[in-house]
């Protein structure tokens, strides 16, 4: 019998290689897979490209990964936050490369990778610095920019419940980038608060079908902390 | 003749007044967030949040915050009965394809051709961050800007051409300010109303770009 | 208080104009909005472009609409079925135009319309008759075809449950094209078997958020019949 | 020396034997559908159906068919515990991006370069219909064809170049037939095995295209 349940965070991340592209879910603290990021720090892979909406808060999660010097490049929409001082410092010191992408283009580029789309035309960004050098085209009287897919070697996703086939549900706004990132990576590792028996998740309400998930690892339930805002 | 600029709350109330019942609306982070507090409880408006919420409700009571349920500004919110959750690609599909009726955004500058600048000061030492600003700017059926008319240094934020890096081309249709309301037309800015006690002529003369 | 509940099928379709493009959900009989199609026949609009996966079975639903002479053009992936004789006859007689689209490209083109994407590159169809005349491009060593969005004036969708905000859930494989068609039309009319109170649908399990639905109309529960297969 | 061609069921069993445990598989309509009946119950394989099912189970008992739960051939099926439903765009995303390990498809012809023809006879009087054939042909990690080696008229369906309109370019990696199994390599067809009693030489000589 197939089981994608991983015995530990350590086991679930053992094969992340130096130079890998890692998609990391979350928007603010919601859906941020902090336990998996801590596991990645312990695992030791370096020279990573991290794709995420934000670039870390305070000194935990992504910020800790950045602080540990493991990240070569960040692809994200909103690195600057009230408590993003680790990223800010590395960026100003030229120690981390930044590719800034409008949030919807980021989500769509990740989905494109997960859906086998080679590129797509979007109006978002046209005429701005963030579309500099990109192919543009007029379609039905409006100007569009060609955007390309963003593939991941790994995706680290925080879900709520999962089963041994890798099916996932999420919790409230912690869903955000999880479903599209799970589609776009060669290996998707999902942390869940509950592992349930096969068939316990109603097939109508599964958000991420197991085909998109390679490993599921149970973590202790914790309360999502505030992050990214001025306290 | 004297006039008083609108306070931030008054400006939010002024914007709220123009949002029609049944509208799907995204309120950008910062000043636009205040609009939610001024929507009449008898006028049903659907608030969308870029991080995957539709039917966003008010802030939760102190002590019952849940940081898995936050808005685009990462502040805790609630979900109304009838609300729904969805992933980021679906959320921005909503935006990009014009399913939202109105996006209300803050701005550094708005140009006479409707160009919006609100994401980057252009200062090379600033950490750039764009979030959903560019998506919202061009996606909604109407993009409204809500801002103080002048910077702290006294520069008018309605301009002939944006000097800040732009967020979207020709995307703004209306600008609500603490001095008055302007439409962006094919022929540039048109003054819709000035605040009480401020004549159209005076207001027009305070602005360094042609106002019709 | 906003309510998208329509008093009748008749009212929900009153403003369909001649020449409209109508997206029609369903795969085989599952998700086929037969009641709405009957309403459209009664309403009388003609010269329609119909976008659907199939082109009708026996003499009900889409087949009846075709038989009534209301359809100028069909955009679909699989018109030929064991019981598609109405379409077959009209097509052979040159009385209906056919744009044949691979099923996944069809779904993705409809989604593109619903997501504000101006066009996308897909490998599907490259080098085949169905990509004739379309722009092609090599991306990372593979050949892609540029496909364009398919917008609808109306979408007719069969869902399971709905509320007054237009939120929808579906039933099993009857989901198929419903969610993407609802996104892609100016006016989406959804038939549901149950209208529930606002808040009764768990926000985690709503498949189509109300923003994509303009009208909800209750229909009697009926059992989906077999269609499209040799009996 | 005499040989017996594989029956349809034997061919289905032969294909089933090569599907590894844990594989995500789409079985095309027609002949490939039979493969499901020959998958060992001790070998867990995930069946996907283009109309929005993953974890498809066997046909339901007579009398408990539900035509909201059908396969790509519109026949009633069941869903296994752990199965899920999703919409058509998500279903074809699964296919197009190579999430499926194997697509098993029927064919009119397979060419030495891996081109597949299985959607249209090219007869102008036929109603064309493509369904998910083109999506499946190029989407899965591996595309296997399953067919009788010869037409009723005796023409070999392994060809130098397809005469029928093609479904996908260079997409087939393996061909299972009632006479033997072939790989499609850079250098054309390679015979993997011939059915019992049929020598490699005899089989090769029956085919009008070079077999390595």
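Going by the order they are written in, the chains are A, B, C and D; count residues from 1 in each one.
Everything that follows uses one rule, which is that a residue touches a chain if its C-beta (ideal position, glycine included) is under 8 Å from a C-beta of that chain, and two chains touch if they have at least 3 such contacts.
All figures in this text were calculated on a predicted structure; none of them were measured in a lab.
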Minimal step count in the chain contact network, chain A to chain C: 1
B-C compared against C-D, more contacting pairs: C-D
Chain whose Cα centroid lies at the greatest distance from that of chain B: D
Centre-of-Cα separation between chain D and chain A, whole angstrom: 35
Inter-chain centre distance, chain C versus chain D - centres from mean C-alpha coordinates, in Å: 28
Geometric centre distance via CA averages, chain D-chain B, whole Å: 54
Chain C, residues touching no fewer than two other chains: 108, 111, 115-117, 122-123, 170-172, 203-204
Junction residues of chain B - those touching two or more other chains: 79, 85-86, 89, 92-93, 95-96, 139
All touching chain pairs, where touch follows the definition stated at the start: A-B, A-C, A-D, B-C, C-D
Chain C - residues contacting chain D, complex: 27-31, 53, 77-81, 84, 87-88, 91-92, 98, 100-108, 110-111, 122-130, 143, 170-180, 207, 223-229
Chain C - residues contacting chain B, complex: 1-2, 111, 113-117, 163-165, 167, 183, 198-199, 201, 203-204, 206, 209-212
Residues on chain B engaged by chain A in the complex (per definition of touch): 49-53, 65-70, 73-76, 79, 85-89, 91-93, 95-96, 115, 120, 125-135, 138-139, 165-169
Contact footprint of chain A on chain D as seen in their complex: 21-22, 24, 44, 46, 48, 54-55, 79-86, 89-90, 92-100, 139
Of all residues in chain A, those that touch chain C in their complex: 108, 112, 115-123, 137, 139-140, 142, 144, 148, 169-172, 202-205, 207
